[in-house]
């Protein structure tokens, strides 16, 4: 299984928080396509694999957690 | 080193006193400088006044990024003590959002390291702010600048 | 605004808590950033270890210069609250020498104003340090850089 | 009267803290010469008149306080 998570505004737009995909050797871009039924990737989309920032070409395997989120906005003014 | 997340409102100054006391005498007397940054929630004014913030984060990745930012800072400047604490959850105006602090022998290193902590958290750590305004609307805060990874 | 001289050892953090509490709610909620610098006495090591500092100053001129430095800083950056406190007299290792802090809406102004306070005091305010070393010798500290007036 | 003050290492070198000179319209450089019996001015000497930094050519009058001191060394490491 591959766990897919969405955060913040992206989670709200897509109306989903977490989902699981059947395991196949794949890449972040392909995980996005499968998890969103082929929705276009938003500008400035960020991704992480297993809690580390990852490129969209990064490979993904069984047991991985892939997260998608908008640019981060923590910290100070 | 004090690194972490606070789910409830907290005061920065006792935390900084604690960080100072956590150094032994040799460490403390080797420091000539500490620079401390405290970021707090601004309210704004009028109908766009922000009455509340929701600070979402990515549990697991957040702690990992804060720890990495602290380690990277220590590798770049000769730091004797460091604080990096961020608020999460529901935040009210005036409450502390972030405390970043670096102790060093000299002021240049303390200033540079503290500034680096603040910028790195802002651009790298997975936090997202949602503003709830006085007029009843709510919106996710847009990033000023694309995240530098 | 807290500006002054301390003749006895003091802790920086309660002073900063006091400065925060001295702002009214509107002021405090207009601030998103505070940068705080704390300079402390370094001891060094071996026979050159400094066991005590004597901090001489020019009473009257010192207060005037600290007030001017604070006013100049407020004229250059949009500052909501400011602390500028310096120790005088006999100082022991680890004790606080200077606390400089600036509160502002945004972090750039807070960092720049705080750094300016620290540099201006170092180069303009009439303080002189004399070091008493572990080997029994004493010497006036040489200025790193000529004073910028 | 013109009050003359010396601080820090300079006070120790000259072996004097404060002295008073009879009032005459003069300048900082001349006050130094009279107060030190013509000693050469140290490199990086600083002066203040009435608690304000002053040039050596600044004028000095009756009632003024003139201070001489080495480069300042307050603040942080």
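Residue numbering begins at 1 within each chain, and the chains themselves are lettered A, B, C and D in the order written.
Please note the rule applied: contacts are C-beta pairs under 8 Å (C-beta built on N, C-alpha and C of every residue); 3 or more make two chains touch, one makes a residue touch a chain.
Given the structure is predicted, the values throughout are model-derived calculations rather than measurements.
A.B. asks: For the chain pairs C-D and A-C, which is connected through the larger number of C-beta pairs in contact?
C.D. replies: By the number of C-beta pairs in contact, the winner is C-D.
A.B. asks: Give, as an integer number of Å, the spacing between the C-alpha centres of chain D and chain A.
C.D. replies: Distance between chain centres: 71 Å.
A.B. asks: Distance from the CA centroid of chain B to that of chain D, rounded to the nearest Å?
C.D. replies: Here the centre of chain D sits 48 Å away from the centre of chain B.
A.B. asks: Would you kindly tell me how far, in whole Å, the mean C-alpha position of chain D lies from that of chain C?
C.D. replies: Those two chain centres are 26 Å apart.
A.B. asks: Touching two or more other chains, which residues of chain B qualify?
C.D. replies: Residue numbers touching two or more other chains: 32-33, 37, 39-40, 42, 105, 107, 118.
A.B. asks: Two-or-more-chain contact residues of chain A, please, as numbers and ranges.
C.D. replies: 76-77
A.B. asks: If you connect every pair of chains that touch, what shape comes out? Choose line, ring, star, complete or other.
C.D. replies: Shape of the chain contacts: other, as it matches none of the listed patterns.
A.B. asks: Which chain pairs here would you call touching?
C.D. replies: A-B, A-C, B-C, B-D, C-D
A.B. asks: Could you pull out which chain A residues touch chain B in their complex?
C.D. replies: So the residues of chain A in touch with chain B come to 5, 7-9, 12, 44, 46, 48, 51-53, 67, 69-77.
A.B. asks: For chain C, which residues count as touching chain D in their complex?
C.D. replies: 37, 39-40, 42, 55-58, 60-61, 64, 86, 97-98, 118, 121-130, 140-143, 146-147, 149
A.B. asks: Applying the document's contact rule, which stretches of chain D touch chain B when the two form their complex?
C.D. replies: Within the complex, chain D contacts chain B at residues 76-77.
A.B. asks: Under the touch definition given earlier, write down the residues of chain B that touch chain C in their complex.
C.D. replies: 11, 13-14, 16-17, 20, 25, 28-43, 93-94, 105, 107, 110-111, 114-115, 118
A.B. asks: Help me check something: in the complex, which residues belonging to chain B touch chain D?
C.D. replies: 32-33, 105-107
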